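Letters are used for the chains, namely A, B and C, taken in the order the chains are written, and counting of residues starts over at 1 for each.
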Amino acid sequence: MQDAGRYLAQMRQTAPLVQNITNYVAMNVMANVMLAAGASPAMAHAREEAAEFAGFAHALSVNIGTLDPEWITSMELAAAAMNEAGKPWVLDPVAVFATALRRDAGARLLALKPPIIRGNASEILALGGGAAAGSGADAGDTVESAEAAARHLAKKTGGVVAVTGAMDYVTDGERAYRVANGHALMPKITALGCSLTGIVAAFAVDQPPLEATVAALAYYGLAGEEAARNARGPGSLAMHFIDALHAMTPDDLTAGARTSAA
Amino acid sequence: MQDAGRYLAQMRQTAPLVQNITNYVAMNVMANVMLAAGASPAMAHAREEAAEFAGFAHALSVNIGTLDPEWITSMELAAAAMNEAGKPWVLDPVAVFATALRRDAGARLLALKPPIIRGNASEILALGGGAAAGSGADAGDTVESAEAAARHLAKKTGGVVAVTGAMDYVTDGERAYRVANGHALMPKITALGCSLTGIVAAFAVDQPPLEATVAALAYYGLAGEEAARNARGPGSLAMHFIDALHAMTPDDLTAGARTSAA
Amino acid sequence: MQDAGRYLAQMRQTAPLVQNITNYVAMNVMANVMLAAGASPAMAHAREEAAEFAGFAHALSVNIGTLDPEWITSMELAAAAMNEAGKPWVLDPVAVFATALRRDAGARLLALKPPIIRGNASEILALGGGAAAGSGADAGDTVESAEAAARHLAKKTGGVVAVTGAMDYVTDGERAYRVANGHALMPKITALGCSLTGIVAAFAVDQPPLEATVAALAYYGLAGEEAARNARGPGSLAMHFIDALHAMTPDDLTAGARTSAA
């Protein structure tokens, strides 16, 4: 993909309002990540307002990290509103393999055919119906081992599926890309994966979902690489990462993106 | 106002216990902001303890950012307890214009006549009954356009109303001040506005609310200016901001406050 | 204790999955603290999954900071599951003295005989049935004044009780240690105490609880000392603290731990 920067430029020009129904751990860092990138995040989860809020949001992200039965209803209502309006939403199936509550939530949200799913390898394997070796929020499987499940899922939903890890894999069931950007210390910062899901949602507004997702992943990973240059551990990496998301130009992204057709 | 620093000195001497019923995005940064400033924050929202907690707190802040019907009841109970005891509380009507749930919460809390309201221009316009151009949590209106609504609201509640933005405006319906401190990058850090509401609550303990609010806003904006000197983006700004809140002396504040009668 | 570093090495080798049912203020920083240290944190609180999650977690931490009646049930279910499986859990009785809801939660969780309790002096005094001078989340009592209550509590539960403050005190009712590591600015960062509770839980997996707790407290305090060397306030301290937790080696800890039999 030659023009990752174009998607960043477009996202910043739109400054899309992205509704996030996400977990408590991620809310603050996700909002900071999205603001630094140039999007306008809003957290609104109450059943009484979830669909109404979705009515004027440009995109939605849904994350089952700290799940509660009440919230699943809100997620379904908001996702259905996005579907009806033809606006993008992204599912982040955090630890979907771990408990019955999560498996049920995953199945219910999958039934709404998410335009984009972003998860780690264990989550994509589990969501695709396979056995996953994950425990807690961490992947116990490699990205490679989840590629077939990703393609299968994408065909099932008619959407895009991204498996993130050391080397990301993104597919719409037919075509696929790999994204090599990123830094090994990033998983040591909590909720960076969750926050990426919001960035994917922002990039997907009015853009082809496969390419927009690839560009979002490259942008995120490249900011991590840039941040790692000045970091002395996960604490300073987190700070520099926000600065790097904010400072990166579309030209920086086009020059630094390491994507390839898979 | 010649003596903004006096209010900071007084707040630090009291180290007031401030109860905050606030949104999930803001809770952590708000607590850190208040601790750095010298206050003692506590987050307690359960209906079963909200009013009891208000009984021994020195001040209360109420924020509708990630609203839930259950929480509105807690907010009302705590606010009523503060009113009964003659202790200050501050309403932060986050995105009150956005959904029916928020408009209803805003109206119910307004009926309790908040001693202080702090919001952005779109929120103050909406709370005052006007049309607002905001979307999500961001203001779509200028501070200037909300000044009349602020005066109207202040007369209606008998309290103080602060509209924050590029140039803040604070009024009790009769008198008014403008506060010019602040930095353009501050809105790129999530929940800094929410956290300011807690600082206003802390400053208002046993102080005249108009002057205390003006001093709190100048303190906050000046810390942002100081932080920006060493920041390379919103990530490092957030870190330096906490340091600056902690390091600022009352004399620094008196020297750096840029307030004027409006 | 001559070999604090051994406990850190052991914890990192296990990389234990620790379930945390904790408060909203702490969730993000607690996850970052635990990841930086080398543990695998997971926040899962829903009644529908709390016990199921406990089934495969290696340890559990329970924190009543932003309590809700629903959550007490989840805490009880998860704690009971840990007890049944003989796995460690740690109670953090935040502001247990403050309201009836908290006193009730404290009593119910105490009845489950927590293998480890970690609190400030006011919390331990209150949990032990004494009068506490705390207000909000802050201790109003000295560690020394709570030592007898800690021994009493430890005998009652058959577990370990840690009182943290300027000089920590840890006892199993018979033996006791003091830990002198730490820095005066650490209480100015919100939820560092809560996050420590998760570190204690991680250290306690398959280790003697008294020594593991002492090692965890020394590790934490020493990281704070290291961080303070480069900090200019609580904002930069928080960042350097995460880096220091990540960078510290077992040898560093053994060399820097300042523990003594009490």
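The rule is simple: a contact is a pair of C-beta atoms (placed from the backbone, for glycine too) under 8 Å apart; a residue touches a chain by one contact, two chains touch by 3 or more.
Note that the structure is a prediction, hence the values are computed from the model and not measured.
Asker: Same or different for subunit A and subunit B, where same means more than half of the interface numbers show up on both copies?
Answerer: Copies use mostly different positions to touch.
Asker: Rounding to the nearest 5 degrees, give the angle of the rotation that lays the CA atoms of subunit B over those of subunit C.
Answerer: So the angle, rounded to a multiple of 5, is 120 degrees.
Asker: If you average the CA atoms of subunit A and of subunit B, how many Å lie between those two points?
Answerer: That gives a centre separation of 32 Å.
Asker: Tell me, which residues of subunit B touch at least two other chains?
Answerer: 24, 28, 238-239
Asker: Can you tell me which positions in subunit B touch subunit C when the two form their complex?
Answerer: 17, 19, 24, 27-28, 31-32, 35-36, 40-46, 48-49, 52-53, 56-57, 238-247
Asker: Could you list, by residue number, the parts of subunit A that touch subunit C in their complex?
Answerer: Its residues touching subunit C are 23-26, 28-29, 65-69, 95, 98-102, 135-138, 187-191, 231-236, 238-239.
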